[in-house]
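Accompanying notes for the structure given below.
Labels run A, B and C following the written order; every chain starts at residue 1.
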Amino acid sequence: GDEESIQAAPTSAGSSAIFKTLLFNTEDNITTICLNRPEKKNAITVPMYSEIVKALEMASKDDSVITVITGSGEYYSSGNDLNNFTSVPEGDIEKKAKDAAELLKGFVKAFIDFPKPLIAVVNGPAIGISVTLLGLFDVVYATERATFHTPFSQLGQSPEGCSSYTFPKMMGAAKASEVLLFNKKLTATEACERGLVTEVFPDATFQIEVWKWLKAYSKLPRNSLALSKQLMRAVEKEHLYAVNAQEVQRLAECWQSDECLNAIVNSFFQAKAKL
Amino acid sequence: GDEESIQAAPTSAGSSAIFKTLLFNTEDNITTICLNRPEKKNAITVPMYSEIVKALEMASKDDSVITVITGSGEYYSSGNDLNNFTSVPEGDIEKKAKDAAELLKGFVKAFIDFPKPLIAVVNGPAIGISVTLLGLFDVVYATERATFHTPFSQLGQSPEGCSSYTFPKMMGAAKASEVLLFNKKLTATEACERGLVTEVFPDATFQIEVWKWLKAYSKLPRNSLALSKQLMRAVEKEHLYAVNAQEVQRLAECWQSDECLNAIVNSFFQAKAKL
Amino acid sequence: GDEESIQAAPTSAGSSAIFKTLLFNTEDNITTICLNRPEKKNAITVPMYSEIVKALEMASKDDSVITVITGSGEYYSSGNDLNNFTSVPEGDIEKKAKDAAELLKGFVKAFIDFPKPLIAVVNGPAIGISVTLLGLFDVVYATERATFHTPFSQLGQSPEGCSSYTFPKMMGAAKASEVLLFNKKLTATEACERGLVTEVFPDATFQIEVWKWLKAYSKLPRNSLALSKQLMRAVEKEHLYAVNAQEVQRLAECWQSDECLNAIVNSFFQAKAKL
């Protein structure tokens, strides 16, 4: 899949000037935001959260018809970078938890509010918030090599990205709880059967097939698409804001609890031990 | 499928007196409303919208247990008749758009408010509003020959029939957007997997199998069925009204935009050119 | 399946002192509530409704991580015991209907409010309220031998257990109505495809496989799981209360109607005649 990825993924000479962790490119009415920390499996650091918000803001205002988010390298994204937690100076836990909750709330809000069709090109495994956010995308295309894992309870945490609402809505509570409470890792096919993924493609032809569709979509009437997407979102926008607020509030409490801190520290050192 | 259709579909000597575009018949506790412009693929004209509302009103008050909507000929319905647009006298666009929006709002409301089990017998391809409305039916039976297509953005338009709410609810946003934003045409099997269709039958035995079920349903306790249907609808009735209002408001704006008018005119002349 | 059931299902020396119709047991961080009227297919009597509420209250306060509900013998539960209706003294119908509605409302509320992950181990056929309530569980595991049947309209009744909301939400209106209005009995596989069941297991290995998962889940962080479950429930708790109130109100009216009483009495005597 890598060769296709390199061939098909957009490159942008100018983007490195604006973003340190992303590639940002607009071409043929498509704006592409590519998570670009392949050596860290595109784990999302604190500065990267802010860059993604800024990139979405730029994409919302440019003249593109659709916006695409994808990852560079073998992973889509391994989610929140656990270094975000372990770098907390002692004694500062309450403030840091509140700041992190505010950061997360604004980050998720940028996805709730995004005014154009937003399409995920899931080029490999996805973990944590990179999975939960997919419930706020309009279309999700995945390579068969992708997996979807939200190990919140293992880490003593709780769901975000509005997934406590979008996941039960799309797949029913019985299947959503298996994923959000009990850490079930979904294959791409399972994620598609549950409505999290629109369509799965063979890895060998993933980029070629997906970009063929995306280029066709980018030729559709711009305003009509944007207004239709906003119409579908308007129905539940206030509800999504409320869910987002509840989720980050719960996480802020969680991040200050011993149960959560112990679980994160244990996971972190287990992961380090494997290296 | 035609022969079975002729055998099994209800006929009504008296209905031609009341309706010009429909067959309307009550027999064995089943009221059947049959869209009857087979030479135009049952495309819905302005007078036909009003006739369907009147037919639903009659069905809601008669002593039938269930009400069935189906199409005559090879199509279920090709949706809104594009002549509804192209016959607009110049200069009148704003008033015509508002009138059309009011007509559409009342039409969809008749489906939201219908007080008995409403069953679609989808005897062939369905397009546009004849697809989106299915989200407001209680049961949808389809021949394997049926397809489901909502090419709104191609026509510069936006979803109606409460589909901006019912489609994401039943199939998740990722699959609903593919249909409502990106014009994906569903086969009967795909529509069934996504929850739009209750069950698919082989075309050769479609009418016989479906009417066997319908006749069994028509023998169930009348009040119990109506009250249970109303109970399921009550949960979201106010929400459906709000969605309907937003959808027609958006369409009224859309119908006055150049993007929409150009897309419709282009499609119309392309279609004509194919004849 | 019986031998595994006897091996794996919890036994409790002390539970018989507290409950007459249930086995109640806490072991290895799992509280198990086992419906224990196998000779009556675990049909739920009036005293049994109260015992289940009491058991859920105890489980919510003990130090278990997850709570499991299952049935003893070949059935999961045949639902409401029809003797609850036929034992009504004449002349008392209005009061009895209101009392029954209040009992039912409180019973369903106990499931809405349950604060920990609640898992159904569906060991055999399920009927009526034992099916509808599954929409309020977090995970539902079923043996392939299980079936799911809600013959409300046959009995002149209407849906309860919040199913008029949870079923359309999980499977779409077109599939939910087939079940709730038209008495379609689902196989375990069909129930899984529709999102009512999380996963189906072969009957021969059902208890062994399920309890392997449950024991793994019981080792996850207690608070994190409870808070995540409450977060997912909070999103729709007020809505569930309103739905529950509407459903029992409708049933109270229904229980006083001739249509309903005739349907119940007929079913009851037909069932007796088969014995």
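Please note the rule applied: contacts are C-beta pairs under 8 Å (C-beta built on N, C-alpha and C of every residue); 3 or more make two chains touch, one makes a residue touch a chain.
Since we're looking at a predicted model, the values are computed, not measured.
In this entry, chain A maps onto chain B through a rotation of 120 degrees when their C-alpha atoms are superposed, rounded to the nearest 5.
Different-residue interface: chain A and chain C share under half of the residue numbers found at their contact. If you average the CA atoms of chain A and of chain C, the two centres end up 36 Å from each other.
In chain A, 169, 171 are the positions where the chain touches two or more neighbouring chains simultaneously. Listing the residues of chain C that touch chain A in their complex gives 117, 134-140, 166, 169-171, 194-199, 213, 217, 220-225, 227-229, 231-232, 234-235. In the complex of the two chains, the chain B residues touching chain A come out as 152-154, 156-159, 164-165, 168-169, 171-178, 180-183, 239, 243, 246-247, 250, 253-254, 257, 259-260, 263.
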